[in-house]
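Both complexes below contain chain A, partnered by chain B and then by chain C.
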Partner chain A sequence: MRLEISELRAGYGRIEVLRGIDLRVASGSVLGLLGRNGAGKTTLLRAIMGLTGTASGSVRCGDREIIGLAPHRVPACGIAYVPQGRRLFPEMSVEENLRMGLFAGGEGDPASRRAFALDRFPALAARLRTPAGRLSGGQQQMVAMARALATGARVLLLDEPSEGLQPSLVDRILETIGQLRADGVTMLLVEQKVEAALRVADRIAFIEQGRIREHLTPERLARDPSPLERYVGVRRA
Partner chain B sequence: MSFGPHLLLALLEGAVTACVLAVTALGLSLVFGVMRIVNVAHGEFYMLGAVVAWFCASLTGGSALGGFLLALVCAPLVVAGLAIATDWLVLRRVNYHPESTIVATIGLLYLLQQAVLSGYGPDARPVEAPIYFRVAFPWFGYSGYKLVVIGASVMLLLGTWAVLARTRAGLCMRATQQDPEMALAHGVPVRLVYTAVFAAGAMLAAVAGVLIVPIQQAHYLMGLDPLLLSFIVVIIGGLGSLRGTVVAAFVIGMSDGVISMFFSPTLAKILATLLVALVLVVRPSGLFGERP
Partner chain C sequence: MKGGPGARVLALHLGLIAALFAAQFVLGAYHHTNLARIMVLATYAVGYNLLLGYTGLMSLGHAMFFAAGMYGAGLSIYYLGFGAIPGFALGVACALGLALAFGAFALRTSGVSFLIVTMMFGQAFYLTILYFNQVTFGDQGFILSDRLPAALVDPDVKYNAALLVFAACFLASAFLVRSPFGRILVAIRENEARARLLGYDTYTCKLVVLTLSGGMSGAAGAAYALLFSYVGASFAAILNSIYPLLWTLLGGAGTTLGPVLGTGLMFYLVDFTSGWTSAYLFVVGGALLVLVLFFPLGVMGTVRAKLAPWIP
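For the complex of A and B:
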């Protein structure tokens, strides 16, 4: 399922953060979104989910227009959000967190969606009764992603999934993102860790002051890393 | 009567107070826990339950049981309707802002009190108990209806727990309580949950009013004491903690029963207030509340 964003404007109250975003994420691909703090990365993901106030423009998930839908109806369009900091329901068990994903009502029957989510994160099977708030950071990230997959989403919005994780767990999360891409899941990945984004993304988009400035492939960035310095402040040899 | 039977009587009276208080305070705690608003008009929903029970008893004439059963159906429905109207007309318009909702519900408190004063009058009016039987202890006889009140309250508490812990609606309520925005992102219609929770909290208070009215009489100011005690219970138990609410209701209710019996009701209220002060100093989040 492809994700198409056209002329998206959104912000908080009178403050406009996104000033006409245009993005296309092809079905079954990963688009890495890079930019400095405050560039509008998280706001873009929140606007797609209908969680920021004033949004105009168009966001199409497959053939369905999302802008204008009540926020609680967005997940049923096949799109799910894995927020920065995981934001699990901490007093609920892992099983109950997964049930929240199942209730969101995407495609497929709940049993197969649950099986698919646990299949991608088998380590969670032994922790289903544990309150999510008591898990380690890595386990919490797995629950957050499994919860999103349990919705049956074919488009995932991932906001800094590697944040606060040790390198081995980052590798594990990136491997899973690769698996999901092979499963045909479309992903929009916001990352502060440039290397992590470059490892899994098919394309990289740079956002600055609420606008997409450049689209590149990781290979092209490897040849000419100057956009990284220009838009993210990272200098590579 | 010697000390032992006297204590038993005090504990029974305390259990009645505790159970009704737990049901009332549970409604307040549920509303605060999920919606993060303090409903100052909660006691008036309790009062309305009692007043509706009096009207139902008047309608059914001689049948006290019929009037009581009618009240058990009508009072929660009438009060829930009022709560839904309040949610739509007032709380949504102030976007559930904590300070604004306090002011709004204070206004609602006076509105309801004055409406009942105008329509129902200033007199306390008795409602006949739906059933009469006495449980004969070796030392004294005890009102069977009060034991029914205890049983009905326990069933209500268990029912509320079952809904919260075992149903999809309960899961949505808990999700909304823990992170409303993430609940929204997982398909939960959060505003609808708020409406349902506000109505459910009001219904719990109304049922408590129906249960208590054969013991206390219906009066337009009768909501103030339960409101104060509910706040005490919710503060001691921990804001938003349903388990804490029930535990604190039993501590306050039982101690109220015992101290009122052996000393005076005023002393019981003083000690409850001191307990609140102590909890606020030692553990401001309450016994079962989350530490900030």
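For the complex of A and C:
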């Protein structure tokens, strides 16, 4: 399922943060979105989910227009948001957190959605009865992504999934993102860790002051890393 | 309620109902009447707990639902000559309708604003009863004993009728909180924004649970009017909204058994201390302070956290 964003303008109250975003994420691909703090990365994800009050322009998930939908109606279009900081239900067990995704009633039968989510995060199988609030940061990230998959989503919006994780766990999360891409899941990945985004993304977009400034492949960035310095402040040899 | 934990939960809830049924054969007249009253008030607390304990919405206006049930039943019997069962049904319908209409408006707010809105509407309802005192008899209230079937004077009938209303609401509450809908309510309590982002219409869920909560409170009010033959404005006052809050917190918010235990404990605490001193609320307050210090999750909340995590 592809994600197409055209002329998206959104903000908070009178402050316009996104000033005409155009992005295409092909079905079964990963688009890495990079930019400095305050550039509008998280706002873009929130605007797609209908969380920013007024928004204009177009966001199409597959064949469905989702701009203007109430936030609780957006997941029915096959899209799920994994926010920064995981935002689990801490007193609920891992199983119950997954069930919250299953009850949401996306496409496919709940048993196969549950099996798919646990298959992608097998480490959770031994923790199903543990309250989510007692898990490590890496495990919580897995639960957040598994719960998103349990909704039956085919498009994931990932907001800094590597935040606060040790390198080995970051590797695990990135491997899983690679697996999900192979499964045909479309992902828009917001990252502060440039290397992480470059490892898994098929394309990289740079956002600055609410606009997409450049849109290119990791290979091209490897040949000419100057956009990294220009838009993220990272200098590569 | 399938499987191991489900069977234990079912056994626990049915066991409590069976114990309450059996208690009528061993209790003396005084405690027999007390327990009938406690069961009616516990029904009120069970309804309140659905909103506070499971959904995280604190109300200070629930007395209006209790009173809507009470006056819906009482006025229809007093003026229209309704029988006990039609009167009870009308009382519950009044509370359900009021809760639905009130919720549609009040649930546009959240947190402290919701608390204040519930309190304002509760007070407005109370003042409305006082204002129309020619119909409602205001603070003085009215009695129904001469308009009810003679059978309702029988303590055994009262007891079992109270048990029936309590058991229906108690089991409905237990079933509800263990259902997928109940889990959604807990998700709303823990993080409403996250629940909405998973695709749940949290406003509608809250409206449904507020209506059910109001309906159970109304059932308690209607049962009180029928079984204790009195209808009065004091049941719509804010103190009657604070009581279920205290019962629920004391017994354990977010547990099905907690409100029942809390109601019983508080009832007897007030009963015993008022026999010793007119300043019984001072003693009750001190006892509550001790309980809150040592059982911050309430009695059943602490039991669940330390001994029996399977208790819903």
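Structural remarks
Note that in this section the second predicted complex is superposed on the first by the 237 of 237 C-alpha atoms of A that agree within 3 Å, B and C clash if a C-alpha of one lies under 4 Å from a C-alpha of the other, contacts with A are read in each partner's own complex, and residues count from 1 in each chain.
We adopt the following convention: a contact is a pair of C-beta atoms (placed from the backbone, for glycine too) under 8 Å apart; a residue touches a chain by one contact, two chains touch by 3 or more.
Every value quoted in this text rests on a predicted model; they were computed, and no experiment measured them.
When both complexes are overlaid on chain A, chain B and chain C end up clashing with each other. Shared-chain residue A:Met100: touches chain B and chain C both. Of the two partner chains placed by superposition, chain B and chain C are both touched by A:Ala76. Once the two complexes are laid over each other on the shared chain, residue contacts for A:Met92 go to chain B and to chain C alike.
Contacts of A:Arg127 after superposition: neither chain B nor chain C is touched.
Using the contact criterion defined above for the overlaid structures, shared-chain residue A:Lys41 touches neither chain B nor chain C, since it reaches no partner. Judged by the document's definition of touching, chain A residues 49, 51, 70-76, 80-81, 83, 87, 89-92, 96, 99-101, 103-105, 147, 151 lie at the interface with chain B and also at the interface with chain C. Touching chain B in their complex are the following residues of chain A: 49-51, 70-76, 80-81, 83, 87, 89-92, 96, 99-101, 103-105, 147, 151. Listed in rising order, the residues of chain B touching chain A in the complex are 168, 171-172, 174-175, 178-179, 181-190. Every residue of chain A that touches chain C in the complex is listed here, in rising order: 49, 51, 70-76, 80-81, 83, 87-92, 96, 99-101, 103-106, 147, 151. Across the complex, chain A is touched by residues 180, 183-184, 186-187, 190-191, 193-202 of chain C.
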